[in-house]
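Worksheet for the structure shown next.
The letters A, B and C name the chains in turn, as written, and every chain counts its residues from 1.
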Amino acid sequence: MPEPLLEIRMLDAFYGDFQALFGISLAIPEDSVVSFVGANGAGKSTLLKSIAGLMPGRRDAIVFRGEEIGDKPAYEVAKRGIALVPEGRRLFPSLSVEENLMIGGQLGREGPWSLARVYELFPFLFERRHTPATALSGGQQQMCAIGRALMSNPRLLMCDEISLGLAPIVVRDIYARLPQIASAGITLIIVEQDVAQALKAADRVYCLQEGRIVLQGKAGEVTREAVSAAYFGV
Amino acid sequence: MEWINTIVQGILIGGLYAMFAAGLSLIFGVMRLVNIAHGDLIVLAAYVALVVVETLGINPLMSLLLVVPVMAVIGYVLQRTILNRTLGDDLLPPLLVTFGLSVIIQNALLELFTADSRKLNAGPIETASIEILPGVSLGILPLAQFVMAVVVIALMQMVFYRTGMGRAFRATSDDQPVAQLMGLDNRHIFGLAMALSLAIVAIAGVLLAVRANFDPSIGPARLIFGFEAVIIGGLGSMWGTLAGGVILGVSQAIGAKIDPGWQLLAGHLVFLFILAVRPQGLFPKVQ
Amino acid sequence: MHAPGFRVAHSTRSSRFGMAGFALLVLALATAPFWAERSDLRLFAEIFTYVALASLWNLLAGYAGLVSVGQQAYVGLGAYILFGLAIFAGVNPVWTIPVAGLVSAIVAIPVAFLIFRLRGHYFAIGTWVVAEVFRLLAAQIGPLGGGSGISLPVSTVTAIAETRQMREFLIYWIALALLVAILGLIVMLLRSRYGLALTAIRDNETAALSNGVNVIRTKLVVYVITAAGTAMIGALIFLQKLRVSPDTAFSVNEWTAFVIFIVVIGGVGRLEGPIVGTIVFFLLRETLADLGAMYLLMLGVVAIAVMLKAPKGIWGYLAERFGWELFPLARRVEQRKD
């Protein structure tokens, strides 16, 4: 069994005195698409933030490609090939579309993704490349944010609630492009409240509730009913 | 004619004021910090130039080659050791720490160099001038200083908007955590910004030292001139800052012409007037 | 008002002890002219003025979030009002002190209108500019000595009290009375609705605004009160010195740097801080003052070290660790005892 790309070992996370994650453990193999689902406040975003290095943590709680990175700050984690598309897009308002993409790539990591290739994936970004990034529509901003994350040529790409606040047709459009990204050798973690979309896109699904994993399995084997039950804690 | 001369001199010194302001607003733009010790750092640069000139015997303008890197390094170290620890939502720590720095620099200089007035001699360039109109002559040195100010501001614009470092500055100032996700170490970014600011301070300090007498106590006034130039010109706009500096310089010159005791007061009153009627400044950058 | 059955209580056991002790101390100090040396009286009076100045600065910065490095504007304004009225209107200098407070309060309103347009750090420098303007204007007033200043004429000096001893006693008592009045006013302000508003503003201005707190008016009230208090202290200080000049009246070092140092060391945002800070400041001064510029340099170093390592100051540390409290400023909801 090849070494998993990412291993989480008994991860706890705290916001001050409030505990958001309780002993999360899982392993994510390379070249897979994994989805975390759960209600608001279940801890999905916290989990992504912990992996990305935005939350303080135990050194051995997160192991990426065999290296313990649990206590590393975000810019160190990014250097190792983990990219996060944050919840709410969070493009840089002072930068244009192209500048947002360029800053995504400023680590200079080797890989197939470049400005040209991102424009190929999202052609409209090229047309609007000199516009201030926050002047784009919600769906366009989301794609720009994904493009920005891709520019760092990550091995692991994490997408936090990319469907949030977007019209269903826009969401379908975005999800339609994910296979292109996954096939280029990137492992994907998708955090979603939209369970149907998550089950369609992922190989494996984890359901979180109040900071714990309450259900996990192959996307094909897990039924929607089981997920709904786990989601709401019924 | 005399009035035209006065206004021209005011414009030229406005360039120097704009340079005082440029370093100040760079730091504010990147990390929302106003460095109260800014003026004292300009004076520090002047004294560093003094030491360089006296030990190496070179022309003050040549000393820039040493003073600029020295001040830049001081800026980086200062930011990483002390000032980075004060950044956050609370106003008080950076304000009080930089105020403390101001007191420390002034008194250290006082101890080392005494309160005597000093001035650096740049040679014959100081008295050279060209007559552009009958009765109106432009000193070569003030003119060169103005040109340098314009060049510095143009370079800063270029760095901010055309380079990777400038992109990093803007991104970090927009959203620190997400900038970190891009691989940017904000401690380092802030250090670079302060280094750049103090490089500009170094140039301003040397030009100040050559232009007029200086002593350890004149720092706060330079801070105030820089600050007034920023507010008059408008926050966020580099060229606005140049305009602000010029307006301040001209106001002071006109005030001085009316009565020497009115020089500073005239500048302050124009500043307060602009603050009253157009608080966003004359050329604010619309974000 | 309060829901039936509940009331808001302010005292804690600690503050009851503290208040009792404080009252005794004030009584003891009031009798000082009868047991202390002349030089000690001057020292005490100086300490009182610094505690008052620091408490006012603390109110402005620590509670209202208005960090000013220009309060020397009002110290000097108060001083010049005293000298102006005493010399030109022949008013007994003692009575000019409250007038100085009143006039400064009025002057503070348009000043606030101007500088409130600036935010945060830029506000701070704006206050400095205002102080500079006051200083430059004062230097333009020929009849008051212009740039070199003026001394109080002998006739005015004797109008305060006949003998030098009585004058010194009187000035001492005024200093003590002013301090107690200012501290009392601050405590009352903080216990009132304004105090609640200030705490809300200090914690989160936007949230306070959206909860109906009139942020601008609250800040204005605090700014004006601080200006008035500072001016009265300024008048008193220069009454004691018997001489005023623009550079001394509007000195950044004496009226801002030292005050900031005191508040930072003692603890910002707590009323007890300035008292502790002043004591430390004067202890340092008595031991180190011969060092001249080095002394100021060390003050700066200590202030920075405290700000970085113990941002809540000495009292802040003690208060958090042991729950001490001198002034009854806590707010607790209690059952009514009827």
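Here, contacts are C-beta pairs under 8 Å (C-beta built on N, C-alpha and C of every residue); 3 or more make two chains touch, one makes a residue touch a chain.
All of these numbers come straight from a predicted model, not from anything done at the bench.
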**Q.** Core chain by centroid distance, with centroids computed from Cα atoms only
**A.** B
(Q) Relative to chain B, which chain's C-alpha centre is the most remote? (A) A
Q: Give, as an integer number of Å, the spacing between the C-alpha centres of chain C and chain A.
A: 54
**Q.** Centre-of-Cα separation between chain C and chain B, whole angstrom
**A.** 33
Q) From the C-alpha centre of chain A to that of chain B, how far is it in Å? A) 44
Q. Considering the complex alone, what residue numbers of chain B touch chain C?
A. 28, 32-34, 36, 82, 85-86, 91-97, 99-104, 106-108, 110-111, 220, 223-224, 227-228, 231, 261, 264-265, 268-269, 271-272, 275-276, 279
Q: Would you pull the chain A residues touching chain B in the complex into a rising list?
A: 52-54, 73-75, 78-79, 83-84, 86, 90, 92-95, 99, 102-104, 106-107, 148, 152
Q. Where on chain B does chain A make contact in their complex?
A. 164, 167-168, 170-171, 173-175, 177-186, 287
Q) Which positions of chain C touch chain B when the two form their complex? A) 61-62, 65, 67, 69, 113-115, 117-118, 120-122, 124-126, 128-130, 132-133, 136-137, 139-140, 147, 252, 257, 260, 264, 268, 293-294, 296-297, 299-301, 303-304, 307-308, 311
